[in-house]
Amino acid sequence: MSARHRSVNPSLLAGGVLVGLVVLLALVSFLWTPHDPDRVDSAHRLLGPDGSFWLGTDKFGRDITSRLMVGARTTLFVGVVAVGVAAVLGTPLGILAGMARGWRGGLLSRATDLAMAFPALLLAIMFGAVFGASTLTAMIAIGLATVPAYVRIVRAGTLAVMSTEYVLAARAAGRCRLGIALRHVLPNVAGLVIVQGSVSFAIAVLAEAGLSFLGFGTAPPTPSWGRMLQESQELLFTHPLLAVWPGAAIMIAVLGFNLFGDGLRDRYDPRLERR
Amino acid sequence: GSGTTGETAGSDTSLDVGFIAEPASLDFTRNDGAAIPQALLVNVYEGLVKLDAEGRIVPLLAKSWQVSPDRRTYTFTLRDGVTFSDGKPFTAQDAAFSIDRVKTSWTTSLKTGMDVVARAEPVSATTLKVTLKRPSNSWLFAMTTRIGAMFSRTGVADLATKPIGTGPFVVEKWTRGDSMVLTARDGYWGKAPAVQRITLRYFKDPTAMNNAMRTGGIDVISTVQAPESLPEFSDTSKYHVIEGTSNGEVVLSYNNSKPPLTDRRVRQALSYAIDRKAVLDTAWAGHGTLIGSMVPPTDPWYEDLSQTYPYDPAKARQLLAQAGHPTLTLRLRIPNLPYAVASAQVVKSQLAQVGVTARIDVLEFPARWLDEVYTKADYDMSIISHVEPRDITSWGNPDYYWRYDNPRVQQLLAQADSGTAQQQVDRMKQVARTLAEDAAADWLFLLPNLMVADPGVRGLPTNVVSEAFDLTAVSVARS
Amino acid sequence: MLLRFLTRTGVFVGSVAAASVVVFGFMAVLPGDPARIALGVNATPAAVAQLRREFGTDRPMLAQYADWARGLLVGDFGESYVTRAAIGPQVLDRLGVTLWLVGAAMVVAVLVAVPIGTVMAVRHRRPSGLALSALSQFGIAVPAFLTGVLAVALFAVHLGWLPAGGYTPPAQDPVMFLRQLVLPAGALGLAQAAILARYVRTAVLDVLREDYLRTARAKGLTLTRALVRHGLRNAAIPISTVLGLQLATLLVGAIVVERVFVIPGLGSLLLDGVANRDLLLVQGVVMVLVVAVLVVNYLVDLLYAVLDPRLRRAT
Amino acid sequence: MSNPTLTVAGLGVRAGGGPLVDDVSFTIDPGERVGLVGESGSGKSLTALAVMGLLPEGLVAQGSVRLAEESTDLLGADERALSKLRGQAMSMVFQEPMSALNPVMRVGDQVAEVLRIHQPGLHRAASRSRAVDLLAKVRLPDPARAARAYPHQLSGGQRQRVVIAIALANDPDLLICDEPTSALDVTVQAQVLDLIVAATSRSNTGLLFITHDLAVVATVCSRVLVMHDGVLVENGPVSDVFRQPRHPYTRALLDAAEPSSPAPTRHLNPTQRPSPTQPDPTPRPDGTRPDGTRPDGTRPDGTRPDGTRRPDPDGLDSAVEPAEPAPHPGPAPVIELRDLSRVYRRPRTSLRSAPSSVPALRDVSFDIASGQRFGIVGESGSGKSTLVRLLAGLDQPTAGSVRFAGRRVDGVPERRLRFLREDLQLVFQDPSGSLDPRMRVGDIVAEPLVAMRDSRLRRTQRSHRTRVDELLAAVGLPADAAERYPHQFSGGQRQRISLARALAPAPKVLVADEPVSALDASVRAQILDLLASLADTFELTLVFVSHDLSVVRQVCDTVAVLHEGRVVELGPTERIFTAPEHPYTQRLIAAVPSVSRALSGTTVHDLTGDKARLEASP
């Protein structure tokens, strides 16, 4: 049993490496970037990769390497805010929906179903219209729109936990409902939340790219991969590399978080655990 | 687009033109927005007069006009045999009705252009007499804009969807969100257009428009919104790139009522700190003109003022220090339009060199920008292109969003309006110079009129000098 | 069965009603005065006040909601603040366009994902299965608009096989309609297919572990035939749920894809509405989008009973 | 001698690492019934699946498997060739009747399918009517209607008959049954076994019957194979193997399966008393002795130091009250149930019918006296767990009352049941499901203490620790267990953790709901012993719930028989077992297979009881 557990899950490993890469880029960017990422230089516009500008420069003559590094921060910020909002609101609501008895639980799940019908990007666009387009509002909107997904998943997990004999045993041992929620339900649904978190991280990164494309995302000149991709569009035919770098960065991040989530899911899959 | 392939020039030709901004409605009497007159003026609606390609006022529905010595009475002689697209004849009654209607029924603030009119009376079927309260040069000019458009007395019931004008085209079909089809109509008084059917296609996305051009989806890009992509159209056997000037001054506006921007030295310092050539090169791929004041070269009072504040960061720092602001943080609140977003990033980077931190805040255009910057003047700096013809007059309005209150400018503008043609040119030049010296704003550059067209398309307007996109002279030649 | 139908219908109707309140409430708190915005910056205050009266936006919220909701019941979405045109026909018109796009994308997604997902599951330990899994991961990682932009660059601009965008109603020119649909539906559908394929894989893997599949093989069916005859219908139950949920994603993904391909669908109407602050229009579009999602989930719910006899208990 | 139906030679199954099944060889003759027994995980199923060519992905088989008519080795054959044989020459019945059938396909179609696969010419209609015939042959009531049903509309036993009908459809030469009855009640088991035996002998089919229940094998089979850790350790006629087991493992299995009867009410011997030499840290004695054995002389793994298993009981312990409790001679009853009913309402599924209600308990009344060992038996669904939940105040009765030590339990909100929690604790069926996988064992055991913040046991965190250590020692777990997680323990050890938790607040009453039914026979014996000895040491009143009559007989002095929510019989254990009065009890007892009875000639058919009566009430 333990031998099979110790073998490293390949998608967890690959995901971990990719996510680690993004995190590393972001961390290093706080200390050092090859050039000032915002410095416009009309003398060095649209250069190809060379010794000084490793990945070349954009149409403002800014160093793409530096901007990609700082962009990693935006990407992580985006994910953390979106996932944070969703998990912080969704987890307790999900536990509540799973533990509430009678009509209250039913009402909560109906409300969740309804909320599912309001897609994330829609909410983000409307938020952008109300509060102004910024990364923060966009991601809070994406986070809010993801809450129902968490409620559903956590609720299902809670229902499963609540039907176990160990919860019955805890009740027989005299635990109050709050105690059961904190000591039994929360630790046991935490795995689900983490898995869902890494998946919605990936979704948030994609959503930010989509929003930047529509002009509701990160405001310039703050580098964001989605925005860089959008800016590269008009030069797609003349300077295709400009689209390749941010495109690849987005793919790596999304791929990383997806693989990481898949790996975690395999880890936490009770079917696999039981063997 | 595809419809033109293989067809010869003749009455059966069609043309697809790509535009960015789509009209929200077809009624410019109640709706603002440049896209409506762009599509309809001259093409569907005609005025008594219009601007030619050089910016001169020339006859249209009026064959000629006389101005009284006191320059308060205009007597127009109208053309014979002009009909509206619903078949009704156009008479002096209609002209008087149209002028009166601006004052009574229009809801946009442009209607103030007609305030100066005391009376408009039909003298005969083809003679119209307009009496002004005071002499005004800008009134006749305003008659070339949308407020001079002539409506049928019986055809104003459903302007939002069914425009009825005297122009060579009628709106055949309008598919919202996609396209508007203009077709040449029978019974037009003037020379019938060479192209029977013109489809105005609306693209939200410049790249999509470029792709449509490259795949034959359209024949003309009316304005290139991504000048960086022009090299895609360098094959002269397939594309014809037209580059002229427009009315669009891209202005880095200052809130003149807000300290420290009330201090002229600070404004001048900002102007010294900005390398406008670099802005033009990076933000708009070098296409456009450096101006230096609020006057495009097509206006009669144009002077090259672009060297008023040559790029000089040292001087900028020095002026800032003198003004007591060696470092400064300003809010640069811009609309989410391509040229503004691009220019702002360059400006921010350049200002950073002299110790000025510009915090960019991108506002959705039009709703939020109009509300916060334009209406409430809640900003320090902004960037927007002013596209109305002869919009230098707005500097005479102290409540305008740049909050520039200079009695001398106001006086000069008033004199220019009521004076003779020569006086007008003279005073206007002074206004432009005053504004430049005062660094009331920074004129980053003048947007070019950049078009890409199929080589067979002729007669496209090289310069944009009016509100209209004049399609009446366009023809298509195919081998 | 009938009871299930009635309760689901009840829930559906309740959800639609609740959605209308939410949508209306959201628009009500949007800052910005529709009348002001409709008239533009140059409007005079008197005109604004007059327009506000015309729109009825000077009345209490409750009255406005009642009016709007009553209109919705008969398909009357009110008149646009900006264009003064009736919103209902416009929205339905655009909905038609978007449904073609989304429907085609859904078909693409299912046609691609089901076989690929099944192969991924059946061969989940063999190189071919792993390769497909990796490929689907990449598919998920590429935003749909990027796929779209690249597809246009390649197939329309470079190769010239297909138009770069636009929309022609099928009644007007069916061939052109189809040609224009291929790229956007493909771009939208493939991104979904990558996601869907992973769900199909999971569902099929689950089914593969089921005892009845082993029973079927013990009867003498080969693995493939057992999967086709017994597995897929069972796997269809979880997959249809996912499809229902994906519709919401697709409808919104369509907003972006419509932009890339210049398709006059609901997405561009929504963006226009938002840009012009045509609140009633936005309200209508959002309502239609939400109801579309609810309708599909409702249908999926009813479909369960068809797929799964356990839910049809008549006793 | 004719060709054997099945010849397995040198069969091995391996995963990535070591072998799971190693060098297994045996033959089955036509019409022969061979049993394959062994504990869970010993490799029985893998052996069967290897024969069928249905091994799970990732496992490979070596050796050879031949069928009589086939010249080729099945292990080398490809899926296509194998699929021709499966369902035709050989077929298989699986353990879980609930999941072995496709839930979205009509039962008749599933039976017809196997006919059409192997007889391509057969018409749809013909195959349908043949399917109905087959369903009739497995004695499904109203076969025509059953054919139109979906699996979920049939009971477990009925479903298993359908699976058997599928397996027998093409008159296979070889039938493999993998624990076909372990999910079924004893009475249903008897019928299904009868069916299998009848069908195989009718068409001279060779049978490989897999089970962990020796008694079933003894009753059904003529020859038995015993498997241990993937190796065949015994192979011979049932009578030989079971009378003179050669391998120690077989002996141990037999010991565990068949406690020497007549079963006593107590398995206590004098050593179970607390050792006076050991200092007593709590008011109640710690059960572990310095040599690591438990009070009954066994080691924590259930063996005695001398290597034998639990000794024959040496009669009643003189220190314990009489086995036959007088109605009310001693102390007042701890638990009093009066007219207890519990009706579950299911949501309405159709407009025409009223919402269905399930009467899980009907008018149950009895008392449990202090110190009693009270058994509750009954088949699945008879209401046992419902009763337990009501006793523990975890559910509210529809009618009637529950009193504990004179105080009302029903109608009281859970948070005001402190008095009950302190004195009544539960042990559940599933040793892994009842332990939170993400809690350390120490925390699990301390949970009742923490939860109650017991005034009587008012302890600091530190003394919780010592209490936990005592408890773990008492149930025979190593001291470092507290720091580990449940999944690091075996099933038997987990049940010990459950026990330790239940004992934590020093309760007076221990209620155990099927505490051993998920355990292997050998482990089961250990836990039962432990339970009995703890009950004795801590002077507990025991309420013991089980569907397994033999288990109840080992532990309890009084038994209540539940049937469809009613107590049909109540009395001293021995009396009920030797002279059952109620017909249901009689049937229940008759249906229990036993090795000794089988060896003395009881057949499967005898287990089903009066045949005529059974057929009348399906």
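Order of writing sets the chain letters: A, B, C and D. Residues in each chain are counted from 1.
Quick note on the criterion: contacts are C-beta pairs under 8 Å (C-beta built on N, C-alpha and C of every residue); 3 or more make two chains touch, one makes a residue touch a chain.
Chain labels with UniProt names: A, C = Peptide/nickel transport system permease protein; D = ABC-type glutathione transport system ATPase component.
Remember, predicted model here, so these are calculated numbers, not experimental data.
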Selected pair, greater C-beta contact count between B-C and A-B:
B-C
Whole-angstrom distance, CA centroid of chain A to CA centroid of chain B, is 45
Between chain B and chain C, the Cα-mean centres are separated in Å by 40
Computed distance of Cα centres, chain D from chain B, in Å:
88
With centres defined as the mean C-alpha position, give me the chain A-chain D separation in Å.
46
Two-or-more-chain contact residues of chain C, please, as numbers and ranges.
149, 153, 157, 259, 271, 277
Touching two or more other chains - residues of chain B
207, 364, 367
What positions in chain D touch 2 or more of the other chains?
none
Name the touching chain pairs, would you?
A-B, A-C, A-D, B-C, C-D
Please give the residue numbers of chain B that touch chain A in the complex, ascending.
206-207, 210, 226, 228-229, 231-232, 275, 277-278, 281-282, 285, 336, 341-342, 344-346, 348-350, 352, 360-364, 367-368
Residues on chain D engaged by chain C in the complex (per definition of touch):
52, 54, 57-58, 79-80, 83-88, 91-92, 94, 96, 99-105, 113-114, 117-118, 150, 152, 163, 166-167, 348-351, 353, 356
Touching chain D in the complex, chain C uses residues 1-4, 6, 125, 210-212, 214-223, 229-230, 233-234, 307-310, 313-315
Once bound in the complex, which stretches of chain C touch chain A?
11, 14-15, 18-19, 22, 26, 29-31, 137-138, 140-146, 149, 153, 157, 209, 245, 248-249, 251-253, 255-256, 259, 270-271, 274, 277, 282, 286, 289-290, 293-294, 297
Flag every residue of chain A that touches chain D in the complex, lowest number first.
3, 164-166, 168-176, 179, 183-184, 187-188, 273
